[in-house]
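Naming follows writing order (A, B and C), and every chain is counted from residue 1.
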């Protein structure tokens, strides 16, 4: 039975170390937003722009900061950080199937692989020579784990994940379906107009507590390893090229592309669709807004953007035409400045005269 | 035998409710463009810019509008909308293998799953607890269908599609290889610089007659469902984040990325490479051109763009430099306007004098 | 044993046709950059900006051009093109597992498929009717090869590659995990606001010596074939729409999207994140920089760009606002020019007087 347990507010208050305000016997079986919550749901108020929904919520209880609880007549669980409390409690209500320990009979496991007995290996999984799967790891159905790769304790691979050979993964790492780790990067030497492939002999090193999104690709290093440090969060359809280094606790939203050998610092936030050229460095605590084209290193913490704002097509066509004439406009202004200086000085001359 | 049947023009005219002009015994075994058609092919003229190819086509017959048929000496099938007729007829010539009903012996099916006897389940497929597969559905080889997911009548999953748990799919839905539906979206709470994962406990709700392209990803909802309404068409490598809502009959070309909780209206067209920020709304009948960065809601139907036009690198460098100097140029023009006003008024003063 | 053999510099010099300078008995077991090399590693100097690392390298030997060898005191192998020599030698040190010939017992092979006895078919592979797999091809675990597809000699499919039906692949082609070749492109006819699917009845034709990256998608043709010519190199997460033609020896970096029916010439270089609209032509030897939006044909060889440079968000906001006022600025300058002309001519009048 995958239905999560029902909890009373008394039980929740104890579990969350929260102060209870209201009816402790109210039973909670789900989580929902203030607008969508039903009486069996717990909700939360984290962002003050949603306070307007508090009065009318049908939620059985609401996670609130002390400062928001005062005027609220419903049931409340009062905590220091409602969003963080919601984040932690959310796992209780997750209906994601948890596989039992053991190896599915259809999995194909190399004799030299070492699978911890508490690990779970799904249907159709293929595991090659020398692989090490640590305690409580779950490898989803139809995933592939290449030779000599390691997956640290409590890792989770969704179904249909690919790890090439020599990929080292830390503890508590989650990887969503379709992700490919350790693919051969884009390395070619040009020989008189034709491209000759360079073997990609480095590996991939992934730290602890990393999350990797669906259909994201991380190339192995050309010579040394591609490195994703502890606590990094990568969303879906991100492309990380060979020898990139992503620093601790940096988060990237979907569809980001990082070219080869670029180094990104710690605690950076890279919004969706950003592209970075290769061989640059981004310092710690940089924030890059969506779809920015990063063509040079970022050396100072702060927020960075490129691109133009959206317009109607009619206005945009005008802007685009104006942009092509911009160099000419600078020259016209320079000419005006010169002419005006002549006029002014000749006026000055005449008044001097 | 997968070769499509040959049809005479008489048979085709009857089937398509077309008026036949020419030799009804001409046999047709394929479809081709006007330029590439051979005598055994049927072609079509839908876009008037291709009319120039009509005179010289080698096609065995051409689908034509009444107005285009007058001067044409070859065989023709005259219909109201040649492109739509071609679209419908194209399926007759599709050599895509059709799997027979039944479950491949290598598939792994949970005992509690319900598979309609007219459905086809391919080699290596994994189906989890509580799944429902309706009549005439085809699940391609090596696909994965997570717990409690439903696939409506006549659905088609290409090989290697992933559905996570609790994904509800309507009737006649096609999903191309590598697509991932129901992945866990990018939800993290920041705790003193480190990211804590938020369980994604919503599902995905997909309507009838939806098409989903290769390697496209659709995240499950954080709390409630991500929704793809009836008739939506999604091309390859699109990323739909958690809690997005895409309205009926909206079409998106490849490589589009939609951030979390954004709502897109009905009958919109989103061209390739467009990115949208989260928590905005796009009204019905909006058209967004390729690679546009949508950073605010669109409230009026119409066409929208951003970005700059392509130039040679030499010109582009000049433009880029000029853009950085643009604020300065505005100040220089303001200064000129002031100086010129001074000159003009002093000139006026002197002539007054 | 997957550890590569150790070679002496004498052996390497002979193999690479290099001139040996230094200790021929030095043993080499790996490759590394000048900065990271240890005494058992061979390194190389290809780009003169790395010459500064030559003096202090700990490498057991360095591949050098004659001109760089003069002042170097360490062991060296002197060759005409160190980068190309490194590229070729890199394969010797590649620890990628090589599968033995034969068909894995868990593979599902149609009776009518022809698999060369020297080919290797991995665990869980599915091969449909009429497929032809040539000599020395390696099909990675869990890959899918659709009906009537052909893979030429010495091809390599990484694990979890999908080929739809009627995909013809030349010799020595490498395809990384998650790639999808032959998916059904985005073809729909609009019927009163609703989209009707057009069967995609063309195939895909891929030449010799092509490389295709992880999670890249190549759609089959709508009527005729999508074509990827000899020697083309495609990086990860590229999208190639139906009926695109990519010319010989063209290379595309990651995250490029090419819309339907566009023709790209030979020896082009398309940098990461570029998007191209459909139905255009790009001539031979075009170079398009990262994230450029290509909305028209390119008819002259050369380098092309679009987009704006990255700024701090504060500066970018100012630029964005200025861009919206740009049309107004042109009008102000025009007005200034007119007024100044009036002032100048009236001044001329007065001096004439």
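FYI, a contact is a pair of C-beta atoms (placed from the backbone, for glycine too) under 8 Å apart; a residue touches a chain by one contact, two chains touch by 3 or more.
None of the values given here were measured: they were computed from a predicted structure.
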Completion exercise
Across the interface between the identical copies subunit B and subunit C, with over half of residue numbers shared counting as same and under half as different, the residues used are different
Fill in the blank from the handout: Two copies, subunit A and subunit B, superposed on Cα atoms differ by a rotation in degrees, nearest 5, of 120
Practice task
Averaged over CA atoms, how far is the centre of subunit B from the centre of subunit C? Could you give it in whole Å?
Solution key: 25
Practice task
Pull out every residue in subunit A that's touching 2 or more other chains.
Solution key: 106, 124, 142, 160, 178, 215, 237, 255, 307-309, 311, 323, 326, 329, 333, 336, 340, 343, 347
Exercise for the section: Spell out the part of subunit A that touches subunit B in their complex, as residue ranges. Expected result: 2, 30-33, 36, 81, 83-84, 86-88, 90-91, 93-97, 104, 106, 122-124, 140-142, 158-160, 174, 176-178, 209, 211, 213-215, 231, 233, 235-237, 249, 251, 253-255, 267, 272-273, 290-291, 307-313, 316-317, 320, 323-324, 326-327, 329-330, 333, 336-337, 340, 343-344, 347
Handout entry: Interface residues, subunit A side, partner subunit C - complex
Key = 106, 108, 124, 126, 128-129, 142, 144, 146-148, 160, 162, 164-166, 178, 180, 183-189, 191, 193-201, 215, 217, 219, 223-224, 237, 239, 241, 255, 257, 259, 275, 277, 289, 292-296, 302-309, 311, 318-319, 322-323, 325-326, 329, 332-333, 336, 339-340, 343, 346-347
